[in-house]
Amino acid sequence: MKAMPERTRIPGRHFLQIPGPSNVPDEVLRAIDQPTIDHRGPEFAELTLGLLEKIKWVFQTESKVVVYPSSGTGAWEAALSNLVDPGGKVLAYETGHFANLWRGVAERMGLEVNWIESDWRSGIDAGKIEEALSEDKDHEIKAVMAVHGETSNGVNSNILKVREAIDSAGHPALLLVDVVSSLATADYRHDAWGVDVAIAASQKGLMLPPGLGFNAISQKAILVSKECQSNRSYWDWRKILESNETGYYPYTPASNMLFGLDKALDLLQQEGFSNLFSRHNQLAEATRAAVDHWGLENVCTNKDEFAASTTAIYLPEEFNADKLRQGILEKYNLSLGTGLGKFKGRVFRVGHLGDINALTVLGTLAGVEMGLVDFGVPIKKGGVEAAMAKIQA
Amino acid sequence: MKAMPERTRIPGRHFLQIPGPSNVPDEVLRAIDQPTIDHRGPEFAELTLGLLEKIKWVFQTESKVVVYPSSGTGAWEAALSNLVDPGGKVLAYETGHFANLWRGVAERMGLEVNWIESDWRSGIDAGKIEEALSEDKDHEIKAVMAVHGETSNGVNSNILKVREAIDSAGHPALLLVDVVSSLATADYRHDAWGVDVAIAASQKGLMLPPGLGFNAISQKAILVSKECQSNRSYWDWRKILESNETGYYPYTPASNMLFGLDKALDLLQQEGFSNLFSRHNQLAEATRAAVDHWGLENVCTNKDEFAASTTAIYLPEEFNADKLRQGILEKYNLSLGTGLGKFKGRVFRVGHLGDINALTVLGTLAGVEMGLVDFGVPIKKGGVEAAMAKIQA
Amino acid sequence: MKAMPERTRIPGRHFLQIPGPSNVPDEVLRAIDQPTIDHRGPEFAELTLGLLEKIKWVFQTESKVVVYPSSGTGAWEAALSNLVDPGGKVLAYETGHFANLWRGVAERMGLEVNWIESDWRSGIDAGKIEEALSEDKDHEIKAVMAVHGETSNGVNSNILKVREAIDSAGHPALLLVDVVSSLATADYRHDAWGVDVAIAASQKGLMLPPGLGFNAISQKAILVSKECQSNRSYWDWRKILESNETGYYPYTPASNMLFGLDKALDLLQQEGFSNLFSRHNQLAEATRAAVDHWGLENVCTNKDEFAASTTAIYLPEEFNADKLRQGILEKYNLSLGTGLGKFKGRVFRVGHLGDINALTVLGTLAGVEMGLVDFGVPIKKGGVEAAMAKIQA
Amino acid sequence: MKAMPERTRIPGRHFLQIPGPSNVPDEVLRAIDQPTIDHRGPEFAELTLGLLEKIKWVFQTESKVVVYPSSGTGAWEAALSNLVDPGGKVLAYETGHFANLWRGVAERMGLEVNWIESDWRSGIDAGKIEEALSEDKDHEIKAVMAVHGETSNGVNSNILKVREAIDSAGHPALLLVDVVSSLATADYRHDAWGVDVAIAASQKGLMLPPGLGFNAISQKAILVSKECQSNRSYWDWRKILESNETGYYPYTPASNMLFGLDKALDLLQQEGFSNLFSRHNQLAEATRAAVDHWGLENVCTNKDEFAASTTAIYLPEEFNADKLRQGILEKYNLSLGTGLGKFKGRVFRVGHLGDINALTVLGTLAGVEMGLVDFGVPIKKGGVEAAMAKIQA
């Protein structure tokens, strides 16, 4: 067993500007760094009851939120496994790479996916949802899978329109929405928009390390889940919701992550939705101002659909985006997001979500601009100043 | 949204002497309390490659270990879902409450469980395993589910004998073993004992907070999993093993918990198996010496099967064990394990596993003895001195 | 420059039962582990103004408390340097080793110390103070130096009687009291007892790491200090009190330790004086019960003067107390206090102060008892049970 | 006792860009956040012996370094009190505010200070030192007090020239140098430059929170100190050096800060002098490029004397620098240094020292530029781009 070499430390704080995991506030890390407690004791129940109440706020729901020790991909599986019978049919929309991954989950679970293709550069065309549902006369489609914030391309879809499309089609399908990178970075209204399950993860707007997955669940979804014939155990909402009633879990939950979640929710409430969303919007605008100034192309083509959390940027074809990212990491201690799926090598992504401020983003954009120059990409310098102008606007 | 009252702090460090979660070393908590990093960057790959190599040591295997963001119950489901086709048959042995819970998982997954009943007071009778397998002429049983350290009663089963029973029956069933509370507290030899999947969790002998589940997997199991027809995504070993080759995961892994795992493995290796197991044995012996002295009854009736991690103790029938535990918690800041399943209210459990030493256990036993006296349980005082004598023996 | 070998880790939490530094609560360590802030910014002023108000509570004073980045020995020097002119005369009482060290400080500062000798086994005989002051017809003695809790022998002196002795003598000398190990472990009433300066340090009852020294100062002392002719800069109260008015310091203060102090004061207030002192008393009583049971001799001979923080214990002459301590440290991961000054090798000390509870102390006493047995000291076993009886009384 | 309001949290990591305290690396904060240990035990001795050896490296000395629980102002007093007899004479040079403060310390200690005035905009004119010493025919001047890095104006003096001036004058005065903000940010060669005492503090280039003061001491200074007639106790090197021989202290040292120091020295050694100094130089150059571009005036007028740690910048007279700083803090979560002494309200300072990198400084400069614009200061925009050009040069 050879010892691993100690990781070499680059001076200064790392700029973690991928679109999640995002930077975890020191207060949250310190909350996680507390001694583990008895998950069957009164202190734990008090913690759980409090945070299960608090977490509804962030989803804007009065219904229930289930917290899993899992990744976000687990929470995708959870939503489907509680609602769709074996071999059942679902409708999914190709907003980008993560929609695609979610489709893969559904297929591996043995579901039949009705897939609406798209170009990865714009959000959901709700008309196509309505059309597909209208064609499904026998209501075989049990659920619509929609991605709110598509992390691979920085495109945010209008979920309310998806809801309206389902309603216009007079279709009983449940609405499942991936809010992994949109939650707590952009307005998301679980109840008002009539979403049945929202799928989230800890490492984005919630400002936690990865390790927790979430399902916010409508009352309708809870009813459907009670009748659902799928084989499931770990993801089964029923036992969890029952145990949660008294503040416990039917298994040993990830206590220390829950300590962090409790603290992170406090910080988010302290900031408030209005500040939270306007901050994210401003930082996203500043980023786009730099991209435009550089003369680079934003993957998202529709200005109404720019994500507050992420900007995905094309490099001119003759440059490899991953080599750019590697150079920037090594020289400037800045992590940027890779191009995913068909964007591999062509696109890089700037994450501007979570616990950051204007100076973090401006430092990030400075790193990107210098990296582009180092790499020989023909850009117009001055992107940081353009971003500053937007911050000051 | 009302603010939760701040938890009232009882002075001094809490004695967390449940049979898991165990006490997390400060070094491990501090490792977890580091800034999250890019799960697709080179630093992460270096971490993963190192720890996936290191973790084999703790299972005594040369094969593969898969790490999940999950509870231990998730790792149970993972093992079954990778190996048993839908509706398949498994053989399981009722060592106690956790064996029972695992059976429940299998059943909810739609598997048919051949269940060998037992009295929860002793370990696996390998002869019964051999008998059941011998009767299965058509080899319909795909896997044997055995619990190594049964946390509900402090009984450790002889896994090598189970292996031999399978072999004697000439049966091809895979051997799946729950080592959740035995791993890193008692000798467990994955390869030497011919185990196919070992199921573990982070919050016991591994000295971590809960939040990670493990499957150590034999080469035979890997081959079987490749052909397995079950619908699975999150638990699927194939994608994970493939991504792990280069140090990554097919989803965003629980980075900060992995930082802790890396550190915890270092601490365990530093102590070494010999010290680790003799320490746990000594602390378990000391605990039993106190129990015997008090005149209370150990749930485990077979002295060759005492668990190194846990001692489960009957209270005389007229006393409620949970009220005893509550009193001890409030008065002495000591958490003890509750009686599970049919032991509810009748049994309490002392955890003596993980990052503890003789004085921790003696303080714990002092708390138990005082609590018993406070509660009016007729015991012979002097249990702590009896335990001290065992420590000094 | 050779690398230091990594410290070998003994499993389980270390039992730090010296009479200070005491165990630091996790909450306090985590408070210290926050990013340092601008010591001239508004956040710092808010912190300082708050804690300088809060800290008065712990001294039971309405006057002022000065906090130094220093050891307790520095705070001794501070008190003298602000009040006694060069070459001035002070009266000091030999309660034990720390009284002796403080005398050394006064002498090195060029002061003339009128020294009342004693046997290190009992507290201050206030009559001797009165006598000495009465003989000082010209009031040359400027200050009386008294140790409240003498950490070297576990003797607590009656400070109110010292005050009364000074008053009976009709002497204007200031009363300076070392409360380093008594503060927040036993009742100390700065204003009610008419003390002029109380000298304290962070690493005892205040439950902090070492690094902060304190002077609680009466209005009379403040007035005297304004006229004092000593050459002083670092310790000078005047500039500090002036800067403190607006929440600042005339130098860069130890910010992170102040974060910890703020948190520690919150925890102490949450417990409250009544609980705090009765807890310390009970743990001290339990310790003495064990010592008595073992048949060993307590250094403190006067039962009205037992310190709540510390018990100092003689070993039979044929045994070396430091070898005993070394053995206990290596075998049981327990640190005990060494014999200081003339007690070197003859005495060991048990600290029972700060953030501890009954089980911590009982584990400690178990370690001591086992160590004594290992070392061949003829004792009567059963000390831990005797201590438990006291806890339950 | 009213509860303090919880501090309102501004999102994102605070940019602490004052010229000290500097940003503390997470690894160092986590090292400080370990349980306190017995300061008289073997583990402590091992720590101390290791770090007292390691710390010589950072001063480039083979002699001794004394570490105090104190501020840097305490370390000033320490140096003087160990070397200059009561009423003795010293020579000091007015490099700026901190030189002035140090003079104040000397005067309050009763020393006679021969003060060489200067304009706070350039470093030491060694010729004036030589002149003053040459006039001191009777060698009454015992020490020369020189500030290497003057934190109030960003001016670094040439200490080797001061040494040569003393030698040219054939004067036996000791050379005392304040390296508080230059140590570990710019080359400082204690032995090679013939310095007798270097005064340092923890919160600057050493990347620690404030709370430790340092004296690096030449053999000559050690000899002088043995004969020095000053009254001193806390600062006395003799007892400390003696205790340090075996790894201990004559008082309870600030253990947790020493844990941090040990770690910080490891990080600094890992980076190495060459990288450390070139990084600081580059970041300082980038800052000056922005200042020049904005058309603002650098306080330091001599390009050979620019400090690597700090840039002090004049605002046009009609603007108040503290109001600018306040606005920048509130709007951009960035702390800048205030103007000290006669610079009050006229000057602000950017700290670019310690654990930072290019993106931190560029984010900082963006904050400054935006703040200047917000405040209506007539500047030429584009300072960040000018700084970026310097980084990439």
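Here the chain labels run A, B, C and D in written order, and each chain numbers its own residues starting at 1.
Criterion: a contact is a pair of C-beta atoms (placed from the backbone, for glycine too) under 8 Å apart; a residue touches a chain by one contact, two chains touch by 3 or more.
If you're wondering where the values come from, they're calculated on a predicted model, not measured in any experiment.
Chemist: Quick check on the contact network: minimum steps from subunit B to subunit D?
Modeler: Contact-graph shortest path, subunit B to subunit D, evaluates to 1.
Chemist: Which chains does subunit A share as contact partners with subunit B?
Modeler: Chains in contact with subunit A as well as subunit B: C, D.
Chemist: More C-beta pairs touching across which pair, A-D or A-C?
Modeler: A-D
Chemist: Which chain lies the greatest distance away from subunit A when centres are computed from Cα atoms alone?
Modeler: So the chain farthest away from subunit A turns out to be C.
Chemist: Please work out the Cα centroid separation of subunit C and subunit D, and write it as a whole number of Å.
Modeler: About 33 Å, centre to centre.
Chemist: What whole-Å value do you get for the distance between subunit A and subunit D if each is reduced to the mean of its CA atoms?
Modeler: 45
Chemist: Which integer distance in Å separates the CA centroid of subunit A from that of subunit C?
Modeler: So the centre of subunit A lies 53 Å away from the centre of subunit C.
Chemist: Which subunit C residues touch at least two other chains?
Modeler: 13, 23, 26-27, 30, 33-35
Chemist: Spell out the residues on subunit B that touch subunit A in their complex, using ranges where they run on.
Modeler: That would be residues 1, 4, 7, 13-14, 16, 18, 20-24, 29-30, 32-43, 46-47, 50, 53-54, 57, 69-74, 77, 86, 104-105, 108-110, 201, 203, 209-211, 231-234, 236, 250-257, 269, 329, 335, 338 of subunit B.
Chemist: Okay, in this complex, where on subunit A does subunit D touch?
Modeler: Where subunit A meets subunit D, its residues are 8-13, 15, 23, 25-27, 33, 267, 270-271, 275, 279, 332-334, 355-360, 362-364, 366-367, 369-370, 373-374, 381-382, 384-385, 388, 391-392.
Chemist: What part of subunit D is in contact with subunit B in the complex they form?
Modeler: It is residues 26-27, 30, 33-35 of subunit D that touch subunit B.
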